[in-house]
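Order of writing sets the chain letters: A, B, C and D. Residues in each chain are counted from 1.
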């Protein structure tokens, strides 16, 4: 009963906010807001997808850079060299990154001992390996000023905004679904005690693989959309360590392991970055750093938890 | 095409340079493996130590190594303070990452504020030179860095084997709860370890100043390698990290001379991967 | 016929033979006790049965079907569920969620079964407590409950009474007795011989990885080798 | 699982918890939009507000009445040295025309900041010059500079923000090729005139109003090596027999390196090897070792910032230094830090602080003021050179174009630039070639006893300066 009720609210809330965000550009918000929100969507996607694997299973991944960069380049190369329609390159990018994830998973998830560490390292390795491969082939980057796509596509207003929005909500939906599903429970079990999970009959390997593939798929697509939007794909930038680091920070800041946390974290951090861009950049960054420390001290479990407990307090006071 | 001397040369220089990577990773492996703290802030702190050396050389006109007299103690204290902070607020591994990243940002930008983002280079005299054994060259600075690394490793092994602290360290590295049951005063030991790690960082930073011209954001260049070395060496294993560093260095150097420099990191990392698949525990020598 | 047959299983770590050519039969609807001094290879044997270790030699048949070297989750789904010596509940999940993990899908969720098990463990009132906040003893109970959620054909309990308070030991023995009533087949490793004597139909004694005796508690308590294995510390 | 951790005991809480979390979640999702929106808007407006703050220092006279401009973009470095920041608002001063705001981004933090600060100072000087010479169309000029954190994903939002949020009158390019490339589509989208200073992929600057203040020439990958070898032939009177090309994966560097071998062959020089290294490489010993094996007479390194000085040192350690060593855009400061070892390194240059460049009054103004400010800012290498020169010229070009076309309309400015010549601190520039590139005006410079001087071609070379080749430091043959 309650379950059904809150399912309904959830769906309504999601679709409502989607509708709002979808409409925003046509309600004449400034183009800056459009492209800013776009970058927010991409960051949210990255944070949420990181959380799907690392937040839920506790397997720490430093590999988002690899998937993001590879996704971006997969799309750029397909579009520029093989002149494949841009829209088609998006799924291609997804396939490529998922393949990478599957390969890495096959290597690491099979090994029993020191799972966490080993996985962390292999993701670091994957990052540098993929970036080096790309650098050695398309080191000077690819300029996509003329994105090849079937003609009406480019005329769609705010097309990249829409794509990013769709992806963002897709990943939120997926993350939420997993959180509530059997898969989610398995992943939490794996995070708490992998051997016990095996002993109770959970196929840990498959579950981890699934989570990893979903996560990397989302990141790859994000990369492809980023490529089309930024129109200049350069290894140094799409393989920047930020794409590994910031999703982690965002998730932790928002509340790691919850499905809402990363969304909040991403929104907040991206906004802060915009704010500190103006004026005395260096001082702003110092302030930003101190602020992060404060957040982590006073909100040990992330912002989302603060919101939750705050809500509870209201409820309680309301009841009295 | 490549002569024997070339290969030997690369082996040598690779080993020495790898020693520097190992040296750089010591701090991280200690704090990650023993304290469960992934301390990103070590990178800009290393650069800070580099600036200290820079000032010692340019303003005071002294030998860069003099700077250690100042930087090691102060870094040791900073490490202790940092750990006190982490203990006070019971920082777990996740939050340690974000907090130390915040510190990363603060320190790096403070450096930018003080010294500007401009490139600095400390004139290092003979440390930048090299001597020759027949046609093989041995860079002095790298050699010294390597030797210091070796000394630290040996000292560390001695500590682990002989002292009570060492016992405690091993116990904690194995299993923290158990260790605390056996009456290891974790928090005090943590202070010690954190202080040590920071002093290692100070040393690494000194060599940063000796080897390269640097900017406040120079530490970031090493994040990838240092993480790889740390994890490959086996978290908490100083010896492991150092050896992992050497493997990385040699692999890079060999690849650079046999294939192409632009491919060398790839070879190095693939090598790490292979080693891991063969020996998943990492090169844990405790 | 017997549910589980362990045939000449050997497993060695380095030089040491942890389990040496051991054969055991676990008959249907019986509680079999597995005892022996520390390091006699009891837990190793359980790990082999549950698929955590691969035996160097020997075969394991379950319901007449060969399960040697299958993955642990596979064996668990075939109907052998084990608990751990140091309890391993999912500390960040609630009691209910812990039980749920044993199901293969949310669809199999059965309110009645859950409440039955919770009553059996008497943890009904703690349904939504985070497992990590339970007492150690309660965690042990929960772990068994989690195993029961799978309605295993064979339940393996690894030292259920180790390191818990006498009161909980009482609850545990009662629990095992209840299970016996329900005709469950149980393989139980135990130090506490009172527990063994009260609940086990048959007992197998291991020492230095070898089976030195098998029979009813009375029989083995007469056995000279068993007595010498437990130097004196053995009073039925 | 924080969310669960603080769940107390007690029944029927599960459903409520879920209910709570779902509602909160819903809020959060809507929050994304709202938070972001507010944040972004606040960011925009707050900086918009900051545009108004001004500093005493830059008080100037325009059309007889006093106005004050330009405090907005004071960098850390000059607030340190010039704390006299008085805040009043432009609108507060009676009867002043509204200032012309020129918006762009610079890497003030992160990997590219080392050169970012140089550009920032040069731009500040350039803008002050514009204001001292009557502003633009009688209106004072001020810069609105955002920090792109050396992160390319920041570029499009920031430029959108400048154009649509802050509604700046004009924009110019950020620093470094990839960033300039990333901002170009945005400029194109709003058809803003887009002048930039440090872009090295001329073939890819396709936007019709894209203008480079750095006259690299459209075929710089052929023209520059040609000039280099001509310099060797004529100024030094000697060509190397063999060379090795070592280049970074930086797009501009790789582009030029790609052209070198063909040109070298045309000059009858044997190309022994082409070695590519990853951008951000710090350890050059392997490359040095390899060069020691190959023993080329000449080394063409296409790298940037620190690569050359690292390479120099590695070569010295390896005990092999070629007769000649050329590079593209080194950080001269770092090279001078090497002492004598830096001497003899050849590199590209469009401007050095010596005759003939300093014969031009504008150039003298730039040199004096830039070097003063750079010293105040505490830069290790404070001499005016290519980096700062192109940066200054960028604003010169904008100034001339606005004054020439007599309009702030981007179309007019753009069309005027395509047709006319512009006189800059390094001579006359034209934008009539493909992708608006005129002929190459990039020269051969060399570090000679502790300072970088242009040595070729003669009409730009420092008097009596000759290209030194072979270098006396050469060893290991």
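One rule holds in what follows: a residue touches a chain if its C-beta (ideal position, glycine included) is under 8 Å from a C-beta of that chain, and two chains touch if they have at least 3 such contacts.
Predicted, not measured: the structure shown is a model, and the values here were computed from it.
Trainee: If you average the Cα atoms of each chain, whose average lands nearest the overall Cα average?
Mentor: Minimum centroid-to-centroid distance belongs to A.
Trainee: Averaging each chain's C-alpha atoms to get its centre, pick out the one most distant from chain D.
Mentor: Between chain D and every other chain, the largest centroid distance is to C.
Trainee: Max contacts between which two chains?
Mentor: The chain pair sharing the largest number of C-beta contacts is A-D.
Trainee: Using mean CA coordinates as chain centres, what's the chain B-chain C distance in Å?
Mentor: 47
Trainee: Just curious, how far off is chain D from chain B if you go by their C-alpha centres, in Å?
Mentor: About 33 Å separates the centre of chain B from that of chain D.
Trainee: Where the centres are mean C-alpha positions, what is the separation of chain C from chain D, in Å?
Mentor: Result: the chain centres lie 71 Å from each other.
Trainee: Of all the residues in chain C, which ones touch at least 2 other chains?
Mentor: Expected reply: 92-93.
Trainee: Using the touch definition from the top, which residues of chain A touch two or more other chains?
Mentor: Expected reply: 132, 135-136, 139, 188, 256, 282-283, 285, 300.
Trainee: Hunt down the residues of chain D that sit against at least two other chains at once, touch-wise.
Mentor: Residues 1, 5, 76, 108-109, 249, 276, 278, 280 of chain D touch two or more partner chains.
Trainee: Over in the complex, which chain C residues touch chain A? Could you list them?
Mentor: So the residues of chain C in touch with chain A come to 50, 52, 71-74, 76-77, 81-84, 88-93, 97, 100-106, 146-147, 150.
Trainee: Given the complex with chain B, which residues does chain D contribute to the contact?
Mentor: On the chain D side, the touching residues are 76-77, 108-111, 113-114, 116-118, 150, 249, 275-278, 280-283, 285-287, 289-290, 292-293, 305-306, 309-310, 313, 316-319, 331, 333-334, 337-339, 377-381.
Trainee: Sort out for me which residues of chain B touch chain A in the complex.
Mentor: Residues of chain B touching chain A: 89-91, 94-95, 97-99, 101-106, 108-110, 112-113, 220, 223-224, 227-228, 231-232, 234-235, 262-263, 265-266, 269-270, 272-273, 276-277, 280-282.
Trainee: Please output the residues of chain D touching chain A within their complex, sorted ascending.
Mentor: Answer in residue numbers: 1-3, 5-6, 15-16, 18-33, 35-37, 39-44, 46-47, 50, 72-76, 79, 105, 108-109, 146-149, 151-158, 160-161, 163-165, 178, 181-182, 184-185, 201, 204, 206-207, 249-252, 254-255, 276, 278-280.
Trainee: Over in the complex, which chain A residues touch chain D? Could you list them?
Mentor: Per the touch definition, chain A meets chain D at residues 2-3, 5-7, 9-10, 12-14, 16-17, 20-21, 24, 29-40, 42, 44, 132, 135-136, 139-141, 143, 145, 172, 176, 188, 226, 229-232, 234-237, 240, 242, 255-260, 263-264, 266-268, 270-285, 300-302, 304-305, 307-309, 311-312, 315.
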